[in-house]
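This report concerns only the one structure given below.
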Amino acid sequence: MSGPSRHDLADEIDDDRLHEECGVFGIFGHIDAGPLTVLGLHALQHRGQEAAGIVTYDGTQFIAERHAGLVGDIFDESSGHVETLKGEYAVGHNRYSTTGGSTVRNIQPIFADLAGGGIALAHNGNLTNARILRNRLTREGAIFQSTSDTETIVHLVARSTGSMVDRLVDALKQVEGAYSLVALTAKKLIGVRDPHGVRPLVLGDLDGAFILTSETCALDIIGARFVRDINPGELVVITQDGLQSFFPFTPAPRRFCVFEYVYFSRPDSNVEGRNVYDARKAIGEELARESPANADIVIPVPDSGVPAALGYALASGLPFELGIIRNHYVGRTFIAPSDRIRHLSVRLKHNPNRAQLKGKRVVLVDDSIVRGTTSKKIVQMVRDAGAAEVHFRIASPPTTHSCFYGVDTPNSEDLLAHKMDVEGMRRYIGADTLAFVSMDGLYRAVGEPGRRREQPQFCDACFSGDYPIELADKNGGESGRQLSLLAEVA
Amino acid sequence: MSGPSRHDLADEIDDDRLHEECGVFGIFGHIDAGPLTVLGLHALQHRGQEAAGIVTYDGTQFIAERHAGLVGDIFDESSGHVETLKGEYAVGHNRYSTTGGSTVRNIQPIFADLAGGGIALAHNGNLTNARILRNRLTREGAIFQSTSDTETIVHLVARSTGSMVDRLVDALKQVEGAYSLVALTAKKLIGVRDPHGVRPLVLGDLDGAFILTSETCALDIIGARFVRDINPGELVVITQDGLQSFFPFTPAPRRFCVFEYVYFSRPDSNVEGRNVYDARKAIGEELARESPANADIVIPVPDSGVPAALGYALASGLPFELGIIRNHYVGRTFIAPSDRIRHLSVRLKHNPNRAQLKGKRVVLVDDSIVRGTTSKKIVQMVRDAGAAEVHFRIASPPTTHSCFYGVDTPNSEDLLAHKMDVEGMRRYIGADTLAFVSMDGLYRAVGEPGRRREQPQFCDACFSGDYPIELADKNGGESGRQLSLLAEVA
Amino acid sequence: MSGPSRHDLADEIDDDRLHEECGVFGIFGHIDAGPLTVLGLHALQHRGQEAAGIVTYDGTQFIAERHAGLVGDIFDESSGHVETLKGEYAVGHNRYSTTGGSTVRNIQPIFADLAGGGIALAHNGNLTNARILRNRLTREGAIFQSTSDTETIVHLVARSTGSMVDRLVDALKQVEGAYSLVALTAKKLIGVRDPHGVRPLVLGDLDGAFILTSETCALDIIGARFVRDINPGELVVITQDGLQSFFPFTPAPRRFCVFEYVYFSRPDSNVEGRNVYDARKAIGEELARESPANADIVIPVPDSGVPAALGYALASGLPFELGIIRNHYVGRTFIAPSDRIRHLSVRLKHNPNRAQLKGKRVVLVDDSIVRGTTSKKIVQMVRDAGAAEVHFRIASPPTTHSCFYGVDTPNSEDLLAHKMDVEGMRRYIGADTLAFVSMDGLYRAVGEPGRRREQPQFCDACFSGDYPIELADKNGGESGRQLSLLAEVA
Amino acid sequence: MSGPSRHDLADEIDDDRLHEECGVFGIFGHIDAGPLTVLGLHALQHRGQEAAGIVTYDGTQFIAERHAGLVGDIFDESSGHVETLKGEYAVGHNRYSTTGGSTVRNIQPIFADLAGGGIALAHNGNLTNARILRNRLTREGAIFQSTSDTETIVHLVARSTGSMVDRLVDALKQVEGAYSLVALTAKKLIGVRDPHGVRPLVLGDLDGAFILTSETCALDIIGARFVRDINPGELVVITQDGLQSFFPFTPAPRRFCVFEYVYFSRPDSNVEGRNVYDARKAIGEELARESPANADIVIPVPDSGVPAALGYALASGLPFELGIIRNHYVGRTFIAPSDRIRHLSVRLKHNPNRAQLKGKRVVLVDDSIVRGTTSKKIVQMVRDAGAAEVHFRIASPPTTHSCFYGVDTPNSEDLLAHKMDVEGMRRYIGADTLAFVSMDGLYRAVGEPGRRREQPQFCDACFSGDYPIELADKNGGESGRQLSLLAEVA
């Protein structure tokens, strides 16, 4: 558990990216449940690189391995961690760091020994009334061991009565927010999506064993069959006798997160019925039509800008070239001991291919702009390599608002698009021209005729500020007692 | 946190020893609170070698370092752990492994963020109704994160109301058992001893800062002044304004653990007013008077048998010799890969000095016999080295009963003295003669005229089966729901 | 430095790749010599992922950090290794595992304390008479500490007389093989390329400090200026007074390794005057012209097949798509504990994008085929994802012979193209059609009119069996006394 | 290999001790050769705590495990190091740090692959002409990998001709100094003692397998039989056919190191025919006769002062008490982050038992005084604990000269007895009286009638300045070229 996670560097370099907070995976009744969950989490690594955990049930006891680091490092052969995960039932979780801090106590799946037996919970999303609930529970004598909002759900379950499913439903009726949950008890695997269906959750099948996971790429890696998406507001209970489906919550309009198409999901996943790579390429095509450029070549910011750049090249007829080479051997963070060379760190990951760029008018395609600091460096890097002009094209609308539904975003005031208009952004970044895909262009690319203004088909709050779920903690009068923080290196 | 603790080997070799479960140390208002607590725990290392932890409060937040291993290894310079423990208020704990298992979650001080603020708790002892309380609390929705009985106290505090001291008193009124507790909140250091005063707790002073700790040797190491023993049933509250003393519990007869004199405490400590080395030497003298031997030399089983052997030699007039040399460079466990050489492992720690033993009639003195397995090996080792006769003398009465008050003892059925009489033990161990000090001899050695049968002056349950505190969990009708164990290597 | 290197997995997955054995980097007279060398080695990580080392000279002593692992992990902030590398003079080395084994003793730069002072040596290449020399030296009393051929050079230097440069020249006149060397003494940085110039070596400049390194991408990362390639047979000596150039060896025809263009070098490097990405794209274009396919899409085997696939798409007019997604979060090796799921490991790195492949006739482009095992798996994976036809196109001629000049190749008998003709390979791999670029096509793509048969412009021995440098150890009568191998885990 | 060794702390605390540099152990033809060597080195841990190494030969190759740390930590079960040491032939070494530095390259046994096969060498002692030889060898082209003098021997062997035994004899005829060597080749185990026999070496037998080791306690731990001491100037060669003895060197007077009795050897060892514990007790008796004290109790400085204190008590009739308690759980070094508490570190290891010392006139017995710094602290500690008078008695003559024969001593100018007379030392240390045993008293205690002035029976140079072997490096005109030091953390 020692050493900084690889994610420190990602923080610095991937500054212009939003980060999904989690990936989940559960499997019920397979002899290789533990190793298959390792593979599933490996395929979901892009959804969280800070830590990972798996809890299995071997028929007698629950077994946990929860550690900081990448899945491949944690469940490395030499660790022995895979061997300890015995049993045919497993639930796993990838975690991205949140404000709760990176202590081991916050690594999921969270486990609790309740009066009715043990329960392990893996959560992708974010509760918007967690602090209100936590304050109430603490006043009633609940002792919190982590700072994660997932623990709030567990305490609500602990204080409820009836069957474990009844208690989970009772708990979830009290929470607000976006969530896709997978829970394991001694007898059941349970999956739930919040009523708006903000975060994804899919059902798969391998040799007769059901799987619940965030994306189809986690099914592909183990050769499992995609069965269907879990529906918004649906709760499925998987037991030895099969799968039962319930809709225990008040129905709500579907508002799936459109940013899953823009950046979060893996290009080879199909989310909500649409292939992500196709969607990104289509965004690039829309962008080329909406914002053409008088240029020689189209180059992506690797790797996330590649599909949109291919789409832009296709629609514009300009040649696509790899003008920036990405070094994938990054390892842990290298901190230059001297200010003189600290500015070189951006090149740890990206190097311009001078031979391609020299004298060219370049269309540079990226998926989004967050703070703008890395965009500025990359545009400068392309210019330094000899590009004659840089026309920056962004495969999403301007990111103007923070996300409160399970994505790690800066405060609004740190978002470049919150602080200035497109022309201001262009000057800040130093591009010759700058254009974003329009909101309707984005909706068209993902298969809609356009954005339905009165009731948008997706959650696009980060672009529009239109938050489908109330932000109780943020807006509530209850100011939130400051926790007695316990700083711990474990 | 990697690597097995040194205690694995101790288990094997120190088979004929009981093990104290804990040492505690707290200090209030000293600029070096963290490092002084490290030193204090170092001096108390004999009370628990599996793990150690310290929680400090720096005026804003609580900071914890809790790790498996020896104090000197955990708080080694290269670890950086001492540096992180900022603040003038600290509480620390040494832990010996218990049935709760050795996961990091069980390492104390336990910390909880309650509605009234944070509290860190270090506990030496054992609750005899912990399971009953835990079952009740779990049914009410409490979520336990560890398997330690200390967490039970914290949940009771969490559910009580009033000031933190009131809540702690309220909680302790519900528990039964033996305990010496030190608790740290943002404003107070609190110490408590159970009404019978089974486990020790002393008050010290360094440069005006109060200290609460298990033994005086932890005061000596930091140059602190011994003030007094905390009384049975006393609760002291230390704040910026000084110390307040309370006696909130129903009074009970004093029953201090007599085994603290026999083995647990360090020879240079004074416990309950008597020097431990003196007491052990006096036991050896009583033993010589009660059970003389026709022999040439007196040799101790090092190191714990040394004072009693010196006493025996003094009273008998026989010469004292170091006939067994102890190797202190033991390190972690060495497991022989071959059965052929596994039996050699006893010699990792002890080697007979053949030149001293050859042809001699030997009085061999040890502090106690638990399972008898090591005694048997040591007697054989002394014989193999050429001793003509081995007269085994034990500086405590036969250990016939398990302890339930905070000492790690085997089940009664594994205690040699539970299974056979002294002659049977002699044959099993292979000594020419075997004798134990009498109960009255032991009481005389620690300053009493003899054992007061109707109301013994000490807890001597391990020798007598006379348990001063009810064993509710053990005897209770409530069978104790099996916990959903969570096996975790952290 | 514990734990297996990331390269274990690469071995398994990148089975159809040859591996460059080393990258070198030296810098003379820069205040940040150590950290800049770390960055340079980071940019050269693709040339060797097993281990890395740096030796600096601080004006008084040489300082070494040599460890197994990736550059970014070894010189991670928490390691403190960068801080220890004081001084303005540095030489560094990336290592790929060779038959010499992966013990720490084999990690370069190799350092020796000779009568004339200390020397640190970093070597890219392989000596073809190392065993003969080693046997001779051993008979004369030399003691070898490693199994690397680089040490042979050091012993020859040690036994020579005159200035350090004279001694190095004297030593190199005795060796045969391919090498690009960088050596650091207390006063000089020395660079040498073998007379044929098989391996690359370039000269750069940063703020007036000279740099010698394997590829231009290592200059780019630190913002250094490319000065020129070091010439075949050239030895440059860099001192405080500047650079001197010597040609001490018998001239020989230039035979630069053509595989550097095919796979080894980074696409953003310019080697011997030509951009690697351009060369690869041109190979793809040649391949499209020579071996067109009746297909719907062109997809690369990522990442190395991308530029050739782009060239193929361009020349053929077929659309380029990312049909296989590569997961870059690989971490260390994950060994499945069960045979049932071991076959899944290929998907740790590559996942087909089913939505793109379903029903399509696919041109699949890769850079080379070595054993063919991974090619077979990837073709199968593409078919399983629904491709109607798979037309496999390889951007190099068939690899029929082992390399003895510093590249890790299987024995000839394990090379697929050694064992069977193209039709046999097609059947083995399971493609509908299979074609390799022709030798002349390859030469045209790198700027030649075609291959000059009597005196080829490059070393292409792996494709042609035409070895420009005699293989003395392999062919020599001297059978090579078996070394007394010393197995050591350090 | 991580972390500082435990010896850092020993350095600080055991300041008034000299340190033996090495222990050696070899065994030939036992199925458990590796594990038995681990046990043997464990028993010899007192002779070197910085690092340990073992080389085995498994019939095909040599296998080495050489690491920093204690034997029990290095060969801990979890390390897997014992398992790798296959084979029936083994040689091992414990190392104490020397000026050569603590890099892994200096850890013995040193191994070299020579023209005649592999050889592993473990060396206890020090060569007095190593630098002269090293300079000569370096000029001839030898490359040194370590800074240890043992490597000099290996280079001399490498450059010699004939059988391996002939070559070793040839090499040893060129060296001067004190040595007890054990060497392992593919077919032989060889033991040698220098002509004066300064350092010990004994022959043992286990189940028909011969053993060569430094002390008999290493035979005891594995249940081996002591056969005899190897004689000064004797070389024994052990093969499958048995043991052959040679005396290839010019005979010289026997000068065994008398300090082995005073402090270095373990009390349960018999060295040169005399039990060490007996010898120490006899020294204490001589001391009591020569320098009685008007006192109440005799207390040892634990642990090394115990036997002499017992002897003093016996001869003086005063009672022996453990007035200072030693804490054996020291772990790694704890560096206090504050000057305010740094002075407490002496108490990490020793605590006075106030109850025993208060008001008493104390005879305090220690084995020797080196720098005097710890003696001063201990006397002060005893006084602070309430002692009325402190009469310090030392079980060796004043240590006035450095050792050059394999013992780590400060420069003469740092030896307290070099700087002042006994009265000056008494004042510095703060004792009421101070006395050392006389040289003749020491000789009597180890069985001689007294010291033979013209030809002393032992090497006692540290007390007398009478060096039996010429100090060529120290006295020689050749100033010794400074090595190009290579600083390396491995």
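Details
A, B, C and D label the chains in the order they appear, each numbered from 1.
Just so it is clear, a contact is a pair of C-beta atoms (placed from the backbone, for glycine too) under 8 Å apart; a residue touches a chain by one contact, two chains touch by 3 or more.
What you see is a predicted model; the values in this text were computed from it and never measured.
Separation of chain B from chain D in touch steps, taking the shortest path, is 1. In this assembly, the chain whose C-alpha centre lies farthest from chain B is C. Each chain gets a centre from the mean of its Cα atoms; for chain A and chain D, those two points are 61 Å apart. The centroid of the Cα atoms in chain A and the matching centroid in chain B are 49 Å apart. Along chain B, no residue makes contact with two or more other chains. The chain pairs satisfying the stated touch condition come to A-B, A-C, B-D, C-D.
Those residues of chain A that touch chain C in the shared complex are 2-4, 9, 31-32, 35-36, 38-39, 42-43, 45-46, 49, 69-78, 82-83, 217, 220-223, 266-268, 270, 275, 277-278, 303, 306-307, 310, 314, 319-322, 325, 327-338, 340-341, 344, 347-348, 351-356. Interface of chain B with chain A (complex): residues 1, 55, 61-66, 81, 84, 104, 111-115, 117-118, 138-145, 154-155, 158-160, 186, 483-490.
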